[in-house]
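Order of writing sets the chain letters: A, B and C. Residues in each chain are counted from 1.
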């Protein structure tokens, strides 16, 4: 983890992180039967960039990030993550999944394993890390998400916010180059949302590259380098938070923001 | 007291009639049973034939094998039960726990005591003590796995076969050591059930995976197998195996009736087990697999580390249920393959010269029923208990 | 976009997901094929060695056995015996399913009774029966009850002079006349009942009070056949002892009786658990909502709880029906002439075992498939009606 690297002010706003793109999507289409979930998506995420994807439900936000680590297979176009292209090559798929971490709306912790085992699982099984080392790493990560005392409990014994922080730690344990967040706070009770958002913010400050799908507009304003607005499977508008929130150009963006703000 | 009676027995006039009628019927049944057991029943037939009913004509010099295999089985079951995290008991007082044990296993102990009493034999008592020793040892090993780090670190896929293998090996040796003519009785029902369930387990799990597979050909093959078997009556399959198995394998390895029975039970139960495990897999949310994929685990590891352990645990009660029905169904092997199982022995002893024509079929069948009933009842109670624990415990 | 390579790299064939998927499937298929090929090869060599028939020609041979209670004679072909066996299996299945459902439902509801005595007896019944092997119950019914406890025909029991019970079987009062006409009358009753229920529902909707369709429908269903039967000039007959047998009424074979009782008792204990579980599975809130709407207790049960419970119970009930049908093959152990017994006898008489038993298995498979299709259809109907 390239830890204490804070974002510097020189970072390009409106972010075309040209030669340092970690995720590149080019002309990506995704269809479910006769429904087009993604239409001609062209999109890049630069190194250490935080991209927040917003939009009405059913607009294809989740599908977009689920295509990045091949939880959904795109039908057309190209997706390249950290120089590896997603093709039907099993090795590439595994490679990309190792380099991307994902946090789900419903946590998806493994209920039959302790918190510690949840976090240590992937490093041991995928990276072949010795058990002691993996558990040390797991404890360090729990420290970072501020719940070291929960290590030996089972997920069901934790609150939603705690579970989601464990899920973040679990993804970080693979030392990913990019983190994908799929509505990480939507399943949480209101009083727990902030603890999770704080953990994500902290990650952003440490320089993690992230794509975040969320309905938390305050969070988007505060943390995003770029905001992507999606509707009907298309990217409608991209810009800095101020561009999108204060000065939306497209009609659909204006309508959406008017409804939720 | 009065209000209790009113509420539970005489709520309305209709209720009162029901209470009186059914109360009368119930008391009559209880009285008849008591009278039969203690007054009219002629239990010499059981006492004389006790060994025949339990182990057939098993040679005396090999009886140690029976003892050893039963002890190994007891050890295995106790170790698995003691080692599972499901079983973490709440902090109960000693008397509460004692009461709990009596409620759970009192019937088994009572049955054992009855058998020892009927046998009136020191060897039987020693055998019982040996089995009890197996239980205690198993319990300790199970606790050790839970509490000692080194043992706890052994992965389940090694640990469980390690516990099971001595028992399974001894049961197999016992099954093979003696000839068919010598074998018989309740033990053969029990051992056929044990061997079949152990053998069908891997097959059933593979079939379940096949049926859930995203590969159409594999799904087709496994579904066909499962549905064909489930559409067929077990009894007809056993009959078929009895007369026709030698047509499908080289004549040199044509097996005896017990092996035929075990083969059919294994292939048959695997199909049902597959459906149970499939149900378990279906109950695991899709997010579990997705989380595994997102972490970079491959499909095999996701199955082995994430979905399968959860699925198998969720369906433990159903698996026990399947084992109970297999246990009861072993009587069919007696009818279809002429194996001298306990039911066949039970009806045969009423035709012995000493007992012929005395109408002792009630006594014989009652004893057989008792053996099956205690076994099945205790197992089904345990499975209900597990079901509750699985529901509320760590999940 | 400088970071984008101009074209995707070619995927090596041994790492391509699509190729791997098919390779794996073909490998599994090959293994399965090999096993089948091995078994088939063994079958061929063994057949050749022992020179037995492999086709269904044996169906035309004379059966050379008789089926009691049937005009089937020794020279009839094996085919006819199989047909008779099939009909007997169906008969056992239908009668068994009918009584097992009624008994099972009653016991299941009784297990939830507020009356302690009723509840305990139902629980004891279920717990005792469920944990015994079916074959034990069947053996008990046959050897202990029918053959040992039932009296000889000379001193047959005649409760209320309606039944004649002996070790020769059981005779019950039955209708006199043709079964066809009776069937037509029942059909007419059903049609009328449906019409009555529909009319009553419509009327109730118009007038605005709860429908009494259930009551009127049942009435129509029973009255039509009874009145029709009497006006056609038929009555029923009571059985009586006639020498070494019985006359009048309907005579049930002792083995049929034993098989039916064992199957019904055994299956009802399982059905009772399903019924109980399904009623408990209806969320408590449903009952509370019904109470809040001031529905009466019976309305609550009839309109709210039972329809939902029935929907939950349906798949499991279907399974029990399938089990009962398959378990009826145990009739062979007490010489009831159903399908399995016929197969066993013809094989004993020299019919080739593999084709005979394969045919038997296929018939059971067909019955099972048909039953599950029926249950599924019913299930879907229920699910749709609910929504």
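One rule holds in what follows: a residue touches a chain if its C-beta (ideal position, glycine included) is under 8 Å from a C-beta of that chain, and two chains touch if they have at least 3 such contacts.
Everything numeric here is computed off the predicted structure, so don't read it as measured data.
S.K.: Report the topology of the inter-chain touch graph, choosing from line, ring, star, complete and other.
M.R.: complete
S.K.: Max contacts between which two chains?
M.R.: So the chains sharing the most C-beta contacts are B-C.
S.K.: In terms of Cα-based centroids, which chain occupies the most central position?
M.R.: Nearest to the common C-alpha centre lies chain B.
S.K.: Would you mind pulling out the distance in Å between where the CA atoms of chain A average out and where those of chain C do?
M.R.: Distance between chain centres, rounded to whole Å: 55 Å.
S.K.: When the centre of a chain is set as the mean of its C-alpha atoms, what distance in Å lies between chain A and chain B?
M.R.: Their C-alpha centroids are separated by 49 Å.
S.K.: Taking the mean of the C-alpha atoms as each chain's centre, how many Å separate chain B from chain C?
M.R.: That gives a centre separation of 27 Å.
S.K.: Please name which positions on chain C make contact with chain A in the complex.
M.R.: 1-5, 8-9, 11-12, 15-18, 20
S.K.: Name, in rising order, each residue of chain B that touches chain A in their complex.
M.R.: Against chain A, the touching part of chain B is residues 153, 285, 287-288, 290-291, 293-298, 301, 305-306, 309-310, 313, 394-395.
S.K.: Which residues of chain B touch chain C once you look at their complex with the stated criterion?
M.R.: On the chain B side, the touching residues are 7-9, 11, 15, 18-19, 22-23, 25-26, 210, 215-218, 221, 228, 230-237, 239-240, 243-244, 246-251, 324, 328-329, 331-332, 334-335, 343, 347, 359, 361-362, 365, 368-369, 372-373, 376-377, 380.
S.K.: Show me the residue ranges of chain C that touch chain B in the complex, using the header's touch definition.
M.R.: 21, 24-26, 28-29, 32, 39, 42-43, 46-47, 49, 113-118, 120-121, 124, 127-128, 130-136, 139-140, 143-144, 148, 326-330, 332-333, 340, 343-344, 347, 353-354, 357-358, 360-361, 364-365, 368-369
S.K.: Show which residues of chain A lie in contact with chain B when the two form their complex.
M.R.: Touching chain B from chain A are residues 69-71, 94, 97-98, 100-102, 104, 106-112, 121-122, 125-126, 131, 154, 156-157, 167, 170-171, 174, 180.
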